[in-house]
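Residue numbering begins at 1 within each chain, and the chains themselves are lettered A, B and C in the order written.
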Amino acid sequence: MSPTSELSLHPDRLLPAEPGVRSTARALYESVKDLPIISPHGHVPPQWLAEDIPFSDPTSLLITPDHYVNRMLHARGVELSALGVAQDTMTEQQSRDAFRILCSHWGAYRGTHVRYWLDDQLAGIFGVKVRPSAETADQIYDQIATCLTSPEFKPRALYEKFKIEVLATTDDPCDDLSAHQFLRDDETWQGRVIPTFRPDKYLELAQPSWNADVDRLAEVSDIDTGDYDGYIAAMENRRQYFKDNGAVSSDHSHLDARTDLLEVAEAERIYASARKGEASEVEATALRRHLVSEMARMACDDGLVMTLHPGVRRNHHLATFEKYGADVGTDIPVQMEFTDALRPMLMRYGTHPNFQLVIFTIDETVYSREIGPLAGFYPSVYVGVPWWFIDAPEAIRRFRAAITETAGFDKSSGFIDDTRAFCSIPARHDMSRRLDAGFVAHLVVEHRLAEDEAMDVMHDLVVTCPRRAFKL
Amino acid sequence: MSPTSELSLHPDRLLPAEPGVRSTARALYESVKDLPIISPHGHVPPQWLAEDIPFSDPTSLLITPDHYVNRMLHARGVELSALGVAQDTMTEQQSRDAFRILCSHWGAYRGTHVRYWLDDQLAGIFGVKVRPSAETADQIYDQIATCLTSPEFKPRALYEKFKIEVLATTDDPCDDLSAHQFLRDDETWQGRVIPTFRPDKYLELAQPSWNADVDRLAEVSDIDTGDYDGYIAAMENRRQYFKDNGAVSSDHSHLDARTDLLEVAEAERIYASARKGEASEVEATALRRHLVSEMARMACDDGLVMTLHPGVRRNHHLATFEKYGADVGTDIPVQMEFTDALRPMLMRYGTHPNFQLVIFTIDETVYSREIGPLAGFYPSVYVGVPWWFIDAPEAIRRFRAAITETAGFDKSSGFIDDTRAFCSIPARHDMSRRLDAGFVAHLVVEHRLAEDEAMDVMHDLVVTCPRRAFKL
Amino acid sequence: MSPTSELSLHPDRLLPAEPGVRSTARALYESVKDLPIISPHGHVPPQWLAEDIPFSDPTSLLITPDHYVNRMLHARGVELSALGVAQDTMTEQQSRDAFRILCSHWGAYRGTHVRYWLDDQLAGIFGVKVRPSAETADQIYDQIATCLTSPEFKPRALYEKFKIEVLATTDDPCDDLSAHQFLRDDETWQGRVIPTFRPDKYLELAQPSWNADVDRLAEVSDIDTGDYDGYIAAMENRRQYFKDNGAVSSDHSHLDARTDLLEVAEAERIYASARKGEASEVEATALRRHLVSEMARMACDDGLVMTLHPGVRRNHHLATFEKYGADVGTDIPVQMEFTDALRPMLMRYGTHPNFQLVIFTIDETVYSREIGPLAGFYPSVYVGVPWWFIDAPEAIRRFRAAITETAGFDKSSGFIDDTRAFCSIPARHDMSRRLDAGFVAHLVVEHRLAEDEAMDVMHDLVVTCPRRAFKL
């Protein structure tokens, strides 16, 4: 960092402080820093790339869709509406005002990964050279807005500039994947954008929309979902449709990770009851856990990798959800348990040659206690890298220190950006490469790993691990 | 540290080992080391300052009232009675013997924060230059005893010497706060000693003393506590009395953090039942959780900050409690859960502009998983710094690394000494400043924060954070 | 580490990276590195030393019996049978093939403690100078096999070479301890091999083998175990037998750590019911918890130290257990709770002068929250060092940082290797000494501990702590 009110990116940022370790880390980082980005799990809308429409303004690009940014402002008393969340298209003045709110609260982000990513985006992508503040807000806004009018800042141009090799989106099972098909068939487009099968709401039988959702599932699959067998067949049908359209994984995010199996007759009974709107909460939860196991059974057949992102109390502040909808920063993690929760599923499918399971968590306590031991025994189990709140430097360092000794490097998933903030993708992957270089450098300097092995590990983490874990 | 058997305080103690980081940390520490102490939560009896009576002897100053010191000796086979716990006034010989026990077990404290604080007090306040041991015990005892006869070691003189700006005590709702009033009205006294409303025992309906306590509440508030409405009104009355006498916060320390609300009729029913001594344990717990939420409702009205110190199994070894009473070192932490526990209260009051909640924990696992995410969304929620067992260097470092990325610096409470060991207050705050300087220096050296921002952060942590979190 | 494909042990391995800390750590490590090994808890069969039969081949020495090694290969798709697990004696070709599998997967162990220990054994004991790989597998195999034919690689010679002072085994209460007696009476043998009383299966009333086990207990103790009183008397009898044969501790490894006491009549009733094969799972668990408390009562009488190794879901993948038996790498830890679980036992026996309890855990979250506070109050409670999955460098560093501040160094158990991999014993103890030297050096460099005290701490951790915790 440089003098007050300048913004610049130091080439050694995030590398360990001790000069010997830093020097080793720098060499390791240099060896991978220019490699393409593999992004096997994220939330960028595929339409952005299919349509390649320019981003409209700095606020709707950098602030409004990014709950990482918004929640921190909300915690300082800013209304989400002032940031454009769940509002109609903002006027330029509204957009400019929102941007000034962010810049005025710049100090709130000190020490956070959000600040680190924003620095990286502002300076690295848009060439901003002044530190954000109430005073500099308009100047920075104008600079970014000007950029956005240029063809080199259109989505496809950025995709290439970011050196993205593959980008996975997250999609509803009923989605026709037309955007993905459009991209696949577009001869002017060289990228790879693949869908991910995300069936959560079809497994949550107690949700008010469930019956309508399952009706729609019948419609798109052309399979009657009136009974349990039909539902299962429809799911299998849509998984295959996703696979045919490039999907490599399904993703599952429920409150807990349990996978208890029901007798088929009981599953049929609860399903029928839920279709009549008569299933209790307890029954609905029981069937959801069974259905997660069923997804693993299907994965053994169709080969889609299964990823779990459990353990979040969604919409913790109900009034905020009612006003602004989901995914606006009011989700709070809960404690997790995997050892017993996953046992029914792993007892059945844990050694199946076609099954792969990547476990993500926001509860760090399970890394050394549960996920490391599971991935260190089951050939099917892979360790997901830190997700969401803990996709941050100090947490990622803790993660590597907690997981490597019990699972090794090669059973980790490679970095996952998991974001809808398109411009933050390179900053996130670069952060991960720097942190891993620092961790691996420690092993070298402490004579636990030879230098040539360390170089191999870096390449594996950036290239081989995501390809292996996601069958890419 | 210096040669065997000397005691001295190194100016760089606790600063990070790496020379570059240490140098940056030193500059950051220097910028705040002489700032006044803000102590918004602690347990010093206000009478000490009101009456300004000299401390009687080294043991009753440094050992007897400090369960941090005593528990470590008990764990090595020393009877608490030998340290003066729950005994009549000690003779000089008894006091001297107790002091020799401490000095003889000096090695037991190696690597602990208690040792760090004792070093700081002995060398920094009393000018002791030899390391405690069986051989040096009498010499050190005499040196401290001599100090205590001097006017500059009387409580008020020490208060000034320690540069305390504000000191909060912890007080029973029925306390008349006469010591606080005496200090406020004393024109020879420039300090600020404020009470804290601590109503725990009035919320624990299953405690044998509860009915008598609530009778007494009626007496001092002059409001009939015969029914639930009266109880609530009496509580509101006493909170206002505390506020009128300078209180800025209420403090709550129950086994769990749950805040489930009851229907008013059910609350009334359980209250009436408890007044007859007929409430079950389950009912008593249910009403306690409801009453904690009620305290939040009152806080929205009267503006007292709410602080939580939950998660301790009190008096774990019952025989010790029966012999020596509470707060003698036999409290053991339990695992905590905040996300769901606080949800009923935060759904109601979490975005109320008048509400502020500071969450403390001894279970470190909740920092990155629950408290950070809560404080990073709710404008009302602040992160309490490590408390009790974990108010120690390594734990405080883990805390900053765990919380900063999700909540930022400015949503933390500032340091809380939480002690009845008056002479340890400066050592504890100085420790915190050194540790924070080390943490912030790391961010600078890793180019994650500019130097001017780092200076700002240090000032905020020492001055702005406690003022903001406690409305001082 | 040195150039590609060489294998060598750097003298500074595992010492902290920062040169100042490393230099201090080196001096601390040097002061203890040649001290004898005290191994108060492990799984080496005493017959190996009694019979002193040469180890047959590299695979059955280094791979087959070591589930740390095997599980990592299984996680990469290797069948356990290919490593000799639960197979008849391997042919030389099978043994050689298994060894090549390990060498071919050498990269999987990067960053793990298993790799660290294997390096240490290969280079330090067998003089291997090339890095394992598919290409070098045969060469290394031959080199080790040649060593094993030499008298200096027989078990007793290695025991002496490793400078083992005392080695505890783990034994069934019905074991006649003849191997221990043989060693005791052998005048050509100077070592000390002591048994450990491990009665788990006799406390698990729901296990199918329980009734037969308890019959056998009656037989060897010559006490009728037809009723509860007889069972208790038989247990006391066998504990005494173990004590008479050199045992200093009993070891207990159940799923949870609960110690709830039953009324004697209820214990008698459940026992009688279990003897008829009619006790429910719930009753069996209740009696098991009661019996753990009973073991503490017996310990107050006979003085055997009690060690706990709870919190593991055994045989997580049932099909693997059915095919290969127990202890083959498919045990997965679960979350632990000690504060309330141990309370009934500690309320009764926690301050008994004859009682000592050493608590081990794989769930790291309990160190600062529960075990540290317990050991920092109860004279009977000692902190077990990291066990199993977390007996690894980064985890051990976290352990020292988590536990020292609340319990001090002198209430920790000293290092426990807990292994059946005989040749890994020196590597494990040496690792521990290096890591502790690094931790203590940090305290010195941060001026929290004087150098002479640091030297004392190192000596205590290696010599005094295991002797004190295990009454050796």
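In this text, a contact is a pair of C-beta atoms (placed from the backbone, for glycine too) under 8 Å apart; a residue touches a chain by one contact, two chains touch by 3 or more.
No experiment lies behind these values; they were computed from the predicted model shown.
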item: Copies subunit C and subunit A - interface residue numbers shared by over half, same or different; value: different
item: Cα superposition of subunit A on its sequence copy subunit B - rotation in ° rounded to nearest 5; value: 120
item: Whole-Å gap separating subunit A and subunit C, where each centre is the average of the chain's CA atoms; value: 40
item: Junction residues of subunit B, two or more chains touched; value: 18, 365
item: Subunit C - residues contacting subunit A, complex; value: 1-4, 6, 10, 12-19, 71-72, 74-77, 107-113, 115-116, 131, 313, 316-320, 329-335, 362-365, 389-390, 392-395, 398
item: Residues of subunit A touching subunit C in the complex; value: 18, 20-21, 337, 339-340, 343, 346-347, 350-351, 353, 365, 368-370, 372-379, 381, 401-402, 404-411, 440, 442-453, 456-457
